[in-house]
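Common to both upcoming complexes is subunit A, partnered first by subunit B, then by subunit C.
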Partner chain A sequence: MITSVPRRDRRAVITGIGVIAPNGIGTDAWWAATTAGTSGIGRITRFDPSRYATQFAGEVDGFEAVDYIARRLTMQTDRWTWMGLAAAGMALDDASFRPAEHDPYSMGVITASSSGGNEFGQVEIQALWSKGASHVGAYQSIAWFYAATTGQISIRYGMKGACGVVVSEGAGGLDALAHGRRAVLRGVDTIVSGGVEAPIGPYALTCQMATGRLSSIAEATAYRPFDERATGYVPGEGGAILLIEDLESARRRGATSIYGEILGYGATHDGHHPWSLPPDARQLTRAVALALRDARIEPEEIDVVFADGAGSRGWDDLEEQALHAALGAHAANVPVSVPKTMTGRMYAGGASLDVASALFSMRHGVIPPAVHVDRPAAGCGLDIVREASRAADVRTALVVARGYGGFNSALVLRRTSDCPSPPTPTGGPDESSTLHL
Partner chain B sequence: MRRTAITGIGVVAPGGVTRDAFWETLVSGRSATRRITFFDAAEFRSQIAAECDFDPQAAGLRPQEVRRMDRYVQFAVAAAIEAVADSGLDLAGEDRERVGVALGSAVGGTTLLESEYVAVSDGGSDWLVDPDYASPHVYQGFVPSALASEVSVRFGAQGPSAVVSTGCTSGIDAIGYGHQMIQDGEADIVLSGAAESGISPISMACFDPIRATSARNDEAHSAARPFDRERDGFVMGEGGAVLVLEELGRARARGAHVYCEISGYAGRGNAFHMTGLRPDGLEMSEAILDAMRQGDHVPADIDYVNAHGSGTRQNDVHETAAIKRALGDHAYRIPVSSIKSMVGHSLGGIGAIEMAACALAIEHGVAPPTANLTQSDPECDLDYTPLVARRLPIDVALSTGSGFGGFQSAMILSREAA
Partner chain C sequence: MNQAPFTYDDIKHILVERIGFTADEVPDDVDTSFRELGMDSLAVVELQLTLQQDYHVTIPDEDAHAMVTLREAIDYVNRQRLVAGAA
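So, the complex of A and B:
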C-alpha cells in the first residue's frame, strides 16, 4: 500500500552495495584497496591531458562495459550509465535480490547525477558542429540526459515504482538516498539508489577547471583535504549503487545481509553566493544537526565521520568548524576520514561511495584512511584517520557531503544489529519549526 | 498531517511572459509556435518551436545574474520573483532556514554547454578542446544543480535545495519533491517548479532522427496539434514556472490567498522502453490512481484533466487509455486538454507550467483548450476541449506527465478543503 506520508512502522535499510571505483571494481577489490590506503589516482590516460592545468584524476582502469551489459546497449548509453548499470547489478547480487520475483510496482529507482552522459554529449555536439545536424545519432536524446541511468536501470530490472533523479552536485549521493528513503517510508519496498559519475573527458575537465577548485599539482598526492598544503581536489569517476529496502520486507524475503539503516538526514543550502565561501559554517552545521535530530541521536553516538573534504583551505576550515559546532566536544574525539583521497571527488558518485565506506566500516570494524594528509592544518582539531586504517567498533556513522553552489547534506547510518527492535520513527512530520543552534 | 498549499505562481512562457499573459494565451487558444528565430534551423527536420520573448532585465534579473546564468536559470529566477511577489510573502522577514527550493529541468544547461563547446573546440574541430577559451561560468552549464542553487542564492533560502531531473516529467516530479519536503517537515515554504531552454541546435538535432518533433515547418503556427488526426509530433518549447508551496496551516494563519492545495502526487516507471509507450497506458493509470488515493478522490471528483498531450501518436493513444483506465466512464464527462498545443513542449519545464495552468484553471473556473484540434484521431475519443476554452467550476484538476526513461507522473490539485 503506497501512502502519501511516511509510515512510522517502516524503516529504510541498505541490503546491497555495488561499487565501481578508481581503486577497485566490486566491493571486494575496492574495500581491500581502500583499507590498505591504495589510491586509484594517476595521470589521466583516457585522453591526452597535456594542455590542461589539471592532469591527474581517479580513473577506473579495466572497466569493460560489455562485461556487464549487452554490446547493443553500450552503443546507446554513456560510460556513466554503463557504470550505473554495472553497479546496480552488483548491488542486487550482493543483496541476493531477484527483481523478477517481486511486484514491479514495489520496486523503484532513484539515483543522483551531476553531469549526465557528458562524454556522449560531447561526441554528438562535435558531430553536429563539424559535420551537420543529420550526423547527430538517434541515441543522443536518451544517452545524454540526467535521467538516462535511472531509466535504464528501471527498464533492465522491471522496476515500475517511484523513479527519480536528484541533482545537487557533490551532495547528490546523499540527497538521492534520502529521497529513496522517503519512497520506502511511503510504502515502496525496494529502491535502487546512490549514484555514479563519469566526468573524465576533455570537455568535462574543461568545465570542472572553470570552478578553480581543482588542484593543478601534477602528482598523485595532489588532493589533501584538511592538510596545510591543500591545493584543491582531483576529480574521479565511479561511485556506488545501493539497494534500499524496508526492513520488514527485507526480512520477509529472507535477506541475510543487512548493512545498516538510514537513520537520519539533514539538508540545507548556504543561500549565499553561486560559488563563493559562505560567511560562516552555520548552514553546514545545521545540515549535520538536522541529521542527528532526525536520527534522534546525540553527537556522542557518532563513531566515525566521513567528511566532505573539499581539499581547499577555506572549505576545509568551514567543515571543521561545522563538525565542532554540531558535535561539540565529541568532534575532537571522533575519527574522521576522507577515503575520497584515494579516488578523487566523484560528484554524484562520491557521497554514495562514502556511504558504502561507512557501511563497510561497520561490518568489518575498520575505518579506512584519508591518505596523503600528513600535515594536518594548524588548529585543525579533528582526529583524522591518516595513512593507515584504524580498527574501531563502528555502530553509527555520519556522512557529510557538499555540492558546488552551496548544497549541504548529512546522513546518519546505523548498523542494523544495533537497531532497537521496536520501530524507530524516522523521517516523520516534525512540527517544530526551527533548529536554534 | 502537513498539507501543501499553493500561494504564489510565476510563469515564463511562450506567447507571453508573466502569469497573466500566460493565462491570457491559454484562454484565447492562441498558439505561440513559430519558425525558429534563435538560430538558422534550415538543415533541421523540425524547424519550429515555441520561443519565449523574454527580457531578463525587465523580469527583474540583475546584470551579473544575466551574465552568469544560462537562459533556463533566468527563467526560473524570473518566475520565482513573480511567484514570491504573488504570494505576498516578504521572505526577508521569514525564517529563511525553513525555505527550500525544488526545481526540475530535463536538459539543464545544454544551451550554454553547446555554445561554449563551439568556442573551446573551435567549431567542433578539436576533440581535446582548448580550456583557455572557456567562459568562467561554463561549469554552471555542466551541472543542472545551478538551477536550484541560483534560486536559493537569489532568495537567501537556506532550507534544503535540489534539482529533480527526470526528463519530461521533471516539472511534476520537482513539485512532488517540494510537496514531500513540506509533508515531512523539512521546510515550511518551498519555491518549486521547473525551467527549460532547449531550443538550441543540439537539442533540436537529437529529436530529429527519432522523428519525435513535428516537421510541419510551413504551418508553424498550427503544428502543435495533440490528439488531432493530422498531428505529427511535438513542437519544442521553452519556459518555466515556479510555485510557492506553503504549509497550509501557516498559509491560513497569515491570511494568504490559497489557490489550491496539492492533494496527490505519484510517479511510476513503465520499465519498458526509453522512448516507447505501450498503448494500454497501464503505468500512467497506476500513477493517477495512486495520486487519487492520497487525496481520497474518486473518479467523479476530477473536474478537469490537463494532459501531457505531447502530440506524438503513441503518447496520445497511451494517455487516452491511461485516463480511461483510471477514471472509467467519468473520463468521457470531463474536459481534457493539452496546453502544449499553445506553448509547445518545454521538456522538463512544461510539467511545472502545466501545474500553474491547473492552479489558474481552478482559480478562474476555466479549462484551457487544445488549440489546433480540428479533427480528433479516431483512437482518441475523449473530450479534448478543442479550440475554445470552456468555463466550468473546477474544484479538482489532474495533470499527467510522460517522458523518456519510461517515467509517468500524476499530480492532483484541489480547491482548499476545510
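So, the complex of A and C:
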C-alpha cells in the first residue's frame, strides 16, 4: 500500500547496479577502468564532428542493443532506451531480483532523462521536413519523449506500481533516485531508478553547444574541473540504473548483496536566470545542507564527496564555495573526486553513475580519481583526488549534482554495514545468516 | 502502369526491415494474422504508413485496422493499385 507520508520504519537501500559507461560496459569493466584512471573520452565517431565546435565526447564503444533486447524493440526505441533497458537488466541480475515473482504493483520505475530519444527524433524530424508528415514513422510517438525509457522498463518487467520520469538535466540522476527513495518510504517495495543519456548526435550536440558550457578544446584531456585551465566540459553518454528496495523487503526475499542506503537528499533551484551564473552559492549550499539534515548527520561524517565538477571556472568556484559553506572546516579535509572526467558529463546519467562510484568506493575501499586535474585553481581549498586512486574507508558519501537551468541536488549514501541495525524481523527464514548488517 | 504484384515476399520484407522481425519470426503461411505475429496497434500503423509510402496506395485507418492476416493486406494493396491504375 502506498501511503502519502514517508515512514521512517522503512529504509531505501540499493541492492543492484547496472552500468553502461564510455570507460566500461558492466560494473566489472567500468570499475576496473575507473579505479585505473582510464578515460573513455575521444574524438566523436558516431558522426563526422569536424564542423562542430566540440569534437570530443565520451562514447560507449561496442554497445550492441541486440545483445540485450529483441530486434523488434530496437526498431521502436532510441539508443538511450536501449542503454536504459540493458542497464536495468544488469541491475536486476546483480540483485538476483526476479520481477515475475513479485506483485506487479509492488514494483515501479523512476528514471531521469534530459534529452529523451533525440537521435530517433532527429531522423523522424528530418523525414518530416524533407519528405512530409506522412513519412514520419509511427514509433516516433513512443520513442522520443522523456518517459519512454521508464515506460519500456515498466512494460518489459511488468512493473505497474509508482512510475515516473524526472527532467532536471545533470541533477536528474540524483533527483530520480531520491524520488525512488520516497516511493519506497511510502510503501512501494522495489523501484528501478537512475538515469542514462545518449546525447552524442548532431541535433543533441547542437543543443548542448548552445549553452556555451562545452569545451571546444579538441583533446581527450579537455574536461578539467577545478583546474586553472578549465575550459568547459566534454559530453558523454551512458549512465547507471540502480535497484532500490525497502530493506525489510530485500531481507524477506533473501537479498544477499546490499550496497548501501540512501540516507538523505536535498534539492534547491537557483531561482536566477536559467542559463547564467547565479550571483552566489547560496542555493547549492542549501541543497547540501538539506541533504545532511535529512540524513541526520554532521559534516565530519562525510568520507568522500563526488562533486558536480562543471568544468568552468565560475561554476567550479561556486561549488567550492558551497562545499566550504555547507561542510565547514571539514571541506578542506574530505577527499573530493570527479570520475566524470573519465566519461564526460552524461547529463541524467552522470550523477547516477557517481552514486554507483560512491557505492563501489564503500565496498572496495578505494576512491577513483578526477583525471587531468593537474593544476588545481589557486585557492581551490579542496582535496581533489588526483592520484590514480586512493585507498580509504568510506562509510558515508556525499554526491553533488547540478542541472542546466538552475537545478541543485545532493544525496547522502551510507554503507549498509554501518547502518543502524533494523528491528529484528519476525518470521521468514533465517535472514540473518545471509546478510551482514 | 505496369507493375509487379505485391506479394508475400514484399510484406515479409517490410515486417523485417520496418517492424523489426527477424526473417525466421515470420511464418510462410500467408493466413497468419498480425495478432499471431504479436503486432500491436502501433505496429499496424507503422505497416500502414510504410505501405502508403512505398506502394503509393491510400489506406484509410478503418481499412488498416480491418486487415487481419498477411493475405488480407496483400490483397488490399493489389486491389488498391488496380483501382489507382484504372483511374
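The definition used in the following text is that the second predicted complex is superposed on the first by the 420 of 437 C-alpha atoms of A that agree within 3 Å, B and C clash if a C-alpha of one lies under 4 Å from a C-alpha of the other, contacts with A are read in each partner's own complex, and residues count from 1 in each chain.
The working rule: a residue touches a chain if its C-beta (ideal position, glycine included) is under 8 Å from a C-beta of that chain, and two chains touch if they have at least 3 such contacts.
For clarity, every value in this text was computed on a predicted model and none was experimentally measured.
Within the superposed three-chain arrangement, the count of touched residues of subunit A is higher for B, of the candidates subunit B and subunit C. In the superposition on chain A, contact is made by A:Q126 with subunit B only, not with subunit C. Within the superposed three-chain model, A:P202 lies in touch with subunit B and out of touch with subunit C [touch as defined at top].
Of the two partner chains placed by the overlay, only subunit B lies in contact with A:R286; subunit C stays clear of it. In the superposition on chain A, A:A162 makes contact with subunit B only, not with subunit C. With both structures placed on the common chain, the touch criterion links A:T256 to neither subunit B nor subunit C. Legend: residue contacts after superposition of the two complexes on their common chain; A:A138 is shown touching both subunit B and subunit C.
In the superposition on chain A, A:L73 makes contact with subunit C only, not with subunit B. Residues 76, 134, 136-138, 141-142 of subunit A lie in contact with subunit B in one complex and with subunit C in the other. Only residues 1-2, 43-44, 68, 95-98, 100-101, 106-108, 113-114, 116-118, 120-121, 123-125, 127-131, 134-146, 148-150, 152-153, 155-167, 170, 173, 177, 180, 183-186, 188, 201-202, 204-210, 212, 264-275, 283, 286, 290, 293-295, 403-407 of subunit B touch subunit A when the two sit together in their complex. Partner subunit C is touched in their complex by these residues of subunit A: 70-76, 134-139, 141-142. Taken in their complex, subunit A has these residues touching subunit B: 2-6, 47-48, 51-53, 76, 104-105, 108-109, 113-116, 118, 121-122, 124-134, 136-138, 140-142, 144-148, 150-152, 154-155, 157-169, 172, 175, 179, 182, 202-211, 267-274, 283, 286, 347, 403-407, 427-435. Listed in rising order, the residues of subunit C touching subunit A in the complex are 18-22, 42-43, 45-46, 49, 52-53.
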